[in-house]
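The following pair of complexes shares a single chain, chain A, combined with chain B in the former and chain C in the latter.
Up next is the complex of A and B:
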């Protein structure tokens, strides 16, 4: 604050005595430079922060993926530059195609179901009724729990032999399903847990989006004879489009990097059947006794590129909505 | 319009950086092990965050420093975190003076060049049992000394066995064990629980059976290996072992055993007090054709990381020797639930507590995972081994197919 006043006041308060064109130009340039410096001074903390905590780690990550790091060269720092060899290795790995497929299924199914249920609940709670506030608060519980707690609880519930889910299924005559220990079910199991955790986020954002729609529109629609279904598809849904776009983008990025839930519930297994890119990256870097930093960073970079591409698509869509 | 662009760019940066946060942690660091050369302060890292300065262990470390005439600054890290912490510290030239690490990690750290061997540090390996020291020996050089060793054995629940009419002493080999499991199941109880998870824990738990069939880690697709995997798979298929063993950690497996329904539980020395409390007994894991199977050794090694100032090693050596072979080492090993690393000390431990007999026996038959000069090949082999175990257990491949592709993967990786 003080920098602002001291740097700007003298130039503004200086009396206009010598009005030769040259000196005016000089003074103007001087004042401009000062203003610029001030601007930079204001920008510096955030720029420094971005460079230190975002750009530098990102750069290090790219560097890790372009060199061949072993534990020895990690310490000595003389890892040879190998260009895109790490990427070639990752892409040709037997784990890659299944991991991409699991990631795609996990992310797309998660955000679609979360969004649909979140929106449905938001519309439901938009009509205030007795106890609706309390019920809405209860729906936020999954969000408030630490991921470690909710994932562990899901893991216990879905235990093959002693879990409550199988106990329930058994009581209605369905045999034991190995939710977490069968390659056919593990991805489904972690999806269910992740959807449960993601609903509150979608509910809250869509609910706030609903509140931004003026009530007169509904009145007008009702007067025109629109039924509830038509009111939703013709009024609510189109007006929620901007909120929808940002919810889906955030949901995508958030789901893409989901790690805790899967790691706690299945460790990416059995035999890789729930290994997503995020899990694979962790396994490479920290999962075995011998860390493979280069491959881990390479997979991490693939994740970043995917997030970036989706971000660009979002920006495209957003621009079209504005026009 | 301009603000919108800014918002858009902001959203992009945020999106990218959220993902970067996940991977960035591998590049970020917080090397805190400063080692002022002549300040008389020596840094000490161990994987025991559960012990603070007021614990017996914390006091012992401080005392050993005092005896050597210096102050020891001890920091406890989570064991899974310690390898990368140590590598980062080495990268920045800020290694601690003493590093206590899990034994299979010693070869990885030695490979990275951040550890001194005993010829440099002057550490004496003395009468430490060869099979325990094995984890620290690579290419004839020794990179540390064990604090003690723990390993695996079979806990049994006498109540369940009695109800099923099984005498624990009748379990001598695989056939008699499987027969006992069948009896237990017929009596309406549960047979055996273990940890067959897809992490190092899974390999650790599988190795007694693998080695018990004379299989060798350099050849994962041998007939013995297949028999061992078939044994586990057969137990799951027959319902002698629960399906949950596929995702069991050793802790969750222990919880299953503690429920009181299981006849047997494969678990480690660290559960012996809890076992005593619930009245469980313990036998060594049988080899295929009888006798105690070779089990993998667990437990930490004292290592001395490379320092810029050679003069520090003399004092560091004193601290380590105080901790690893001083008068208090038996007490320490008892506290940490370890079996001492040398025969003499083991006898001393036994005379104080006869219950340790099975464990001393097990440790005598134990092998180091990274031993036989496998070193950093072990982590590669182990990862493929637990993957094969997972495939077979979950039924996504037959034991022989799973082990064959595991060996192929090992060959491909080690060739690179």
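Up next is the complex of A and C:
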């Protein structure tokens, strides 16, 4: 569409244009236009795809949140426009503040612990030793398993009466803990499972970050008399800062989306004690016999605003790293 | 890459130990200590996976035993025979959905990446940015949108509807991986093809795609695995009909308050097979996929 006007500009701006015969200039512009057309022909399917399968569902979601949909009007498609009423309802709901708090705790604790353990393991694996490659590969397993598989395994392990976790704790003298059925422990329980799943991702990224640090730097630091601890904090850690930033931001975005693990293990309960925004949105839309799609979409949009803010930070950080 | 690190580590050690002639490399014992620790860490990390297998082999009457059997003594394959009896159609659906998602993802993302990497389309930068942001949209929002649309079009509970939805997880990732790789293809190679009279499309199919073999493997692996593991789209879009994937098979067990955890865990083990196969056959592609999105060399 805009190709015609824009592709002419470079040749027009060239200083030698006056000497060039008009026909040559025309041919060059023509070739550039053809090149742009070809480039966009390759790009068009994805562009169309993005519009149909990202933009349109997103738009649907916004529309749901601005109208008052009931089950009947959801099928027929004519619901009254209510402006920001759904948002006001969601913000004043008794579930809102706890859900925000659970989301914040879940996301921040997850990414910090995952990162710390992932980095420690990456440093551990960085000096190769017999079998290190094989063991590092095995560490990927939790990340590759379907989330549903991991979540159901953890929920049986954390079963109050017959789970191996309580059996182990019992053998060292700690009484039964109702991991999944006590409001005091449910958020902790899903956090443990989620951290377990996220460690491999952090390990792999930080490991490749470590590989990017030239060995000469360590030699220099060692010659200057730095010990292992100093070498880590003075050489390794500062040089890993760009990778660290990206890892934490990606971790944030991924963890914000987490749904399967919590839904399988606790369904957000008991009494909402492990309900995050993603879980709440699903509960409203699909979790009951009387779906409330408008409220569900509204909560979803709150989630997307948070994700987009973080996404913009991510893009900014990445751009700064490229400069 | 791995070999260079090893050499580098070895040189570092040699330099450090220069004053002590006998210890050019650290004593073998010290390195084996690391291996011992590594094995312990890995064992702790993989304990849940072991436990899944152990429970899948446990007899019904031992399921509530306290303390539980740590190894499957009196093991039974009863859980697995249940899987074969009840879950085979679900496994078939998952396979079809996974393969369909791979095909769709490759067909969409490879040409787009070629354009972004080599053909310099105007607005390409904006497109890359949109793809980056697209990855950050929570799946729950996409599910809600797809559900609304599918209800109106009447295409809930169809396999290809699920393939379309699942592909949204993989397409932005695919474009990202392919673009990163194709940028590295030397221009001389493409120019040579052009001089030989190949069209852009011909260059793409007979030069670019063959040399991009590794990224094709990586993208296929991940799109298959994500489609195979998907639960949210399956549950919202395909929950009602016959076209249920394996994740819903497991979920149905749990949802019915089923106490036959050996059958549930046996299904879980079977559902993990693709992940295990991929890890054994293609570990380096997996690692490449994890890092490609995050680390730029």
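The criterion applied here is as follows: the second predicted complex is superposed on the first by the 271 of 323 C-alpha atoms of A that agree within 3 Å, B and C clash if a C-alpha of one lies under 4 Å from a C-alpha of the other, contacts with A are read in each partner's own complex, and residues count from 1 in each chain.
Criterion: a residue touches a chain if its C-beta (ideal position, glycine included) is under 8 Å from a C-beta of that chain, and two chains touch if they have at least 3 such contacts.
In this text, all values refer to a predicted model and were calculated from it rather than measured experimentally.
Asks: With the two complexes overlaid on their shared chain, look at chain A and say whether chain B and chain C clash or fit.
Replies: Partners clash after overlay.
Asks: Quick check for you: in the superposed arrangement, does A:172 touch first (chain B), second (chain C), both or neither?
Replies: It touches nothing on chain B or chain C.
Asks: Using the touch definition from the top, say if A:124 reaches chain B (first), chain C (second), both or neither.
Replies: After superposing on A, A:124 lies in contact with chain C but is clear of chain B.
Asks: Let me test your reading of the model: by the given contact rule, A:287 touches which partner, first (chain B), second (chain C), both or neither?
Replies: After superposing on A, A:287 lies in contact with chain B but is clear of chain C.
Asks: For A:259, using the defined touch cut-off, is the partner it touches chain B, chain C, both, or neither? Pick first, second, both or neither.
Replies: both
Asks: Name the contact category of A:183: first (chain B only), second (chain C only), both, or neither.
Replies: first
Asks: If we overlay the two complexes on their shared chain A, which of chain B and chain C does A:268 touch? Say first, second, both or neither.
Replies: In the superposition, A:268 contacts chain B only.
Asks: Between chain C and chain B, which one touches more residues of chain A when both complexes sit on the common chain A?
Replies: C
Asks: Going by the contact rule set out at the top, does A:140 touch chain B (first), chain C (second), both, or neither?
Replies: In the superposition, A:140 touches chain C alone.
Asks: I'd like to know which partner A:162 touches here: chain B for first, chain C for second, both or neither.
Replies: both
Asks: For A:153, select first, second, both or neither according to whether it touches chain B, chain C, the two together, or no partner.
Replies: Once the two structures are laid over each other on A, A:153 reaches chain C alone.
Asks: Run through 39-47, 111-119, 129-137 or 219-227 for chain C and report the one that clashes with chain B in the overlay.
Replies: Stretch 129-137 of chain C has C-alpha atoms clashing with chain B.
Asks: Between chain B and chain C, which residues of chain A are contacted by each of them?
Replies: 50, 54, 57-58, 60-61, 64, 74-75, 77, 155, 161-162, 246, 253, 256-257, 259, 278, 281, 285-286, 293, 296-297, 300-301, 303-304, 307-308, 310-311, 314-315, 322
Asks: Which residues of chain C touch chain A in their complex?
Replies: 1-2, 5-6, 8-9, 11-12, 15-16, 31-32, 34-35, 37-39, 41-42, 45-46, 48-49, 51-52, 55, 63-68, 107-109, 111-112, 114-116, 119-124, 127, 129-142, 144-149, 151-152, 164-165, 167-168, 171, 175, 200, 204, 225, 228-229, 231-232, 235-236, 247, 250-251, 254, 261, 264-265, 268, 271-272, 275-276, 278-279, 283, 286-287, 290-291, 293-297
Asks: Quick check: in the complex, which residue numbers of chain A touch chain B?
Replies: 50, 54, 57-58, 60-61, 64, 70-72, 74-77, 155, 159-162, 176, 178, 180-183, 246, 249, 253-254, 256-257, 259, 266-273, 278, 281, 285-291, 293, 296-297, 299-301, 303-304, 307-308, 310-312, 314-315, 318, 322
Asks: For the complex, which residues does chain A have touching chain C?
Replies: Touch list, chain A to chain C: 2-3, 6-7, 35-36, 38-40, 42-43, 45-47, 49-50, 53-54, 56-61, 64, 74-75, 77, 121, 124-133, 135, 137-150, 152-157, 161-162, 164, 167, 170-171, 196, 199-201, 204-205, 208-209, 211-212, 215, 218-219, 222-223, 243, 246-247, 250, 253, 256-257, 259-260, 264, 278, 281-282, 285-286, 293, 296-297, 300-301, 303-304, 307-308, 310-311, 314-315, 321-322.
Asks: Hey, which residues of chain B end up touching chain A in the complex?
Replies: 4, 8, 11-13, 15-24, 26-28, 80, 83-84, 87, 90-91, 104-105, 108-109, 111-114, 197-200, 242-244, 246-247, 256, 376, 378-380, 382-383, 387, 390-391, 393-397
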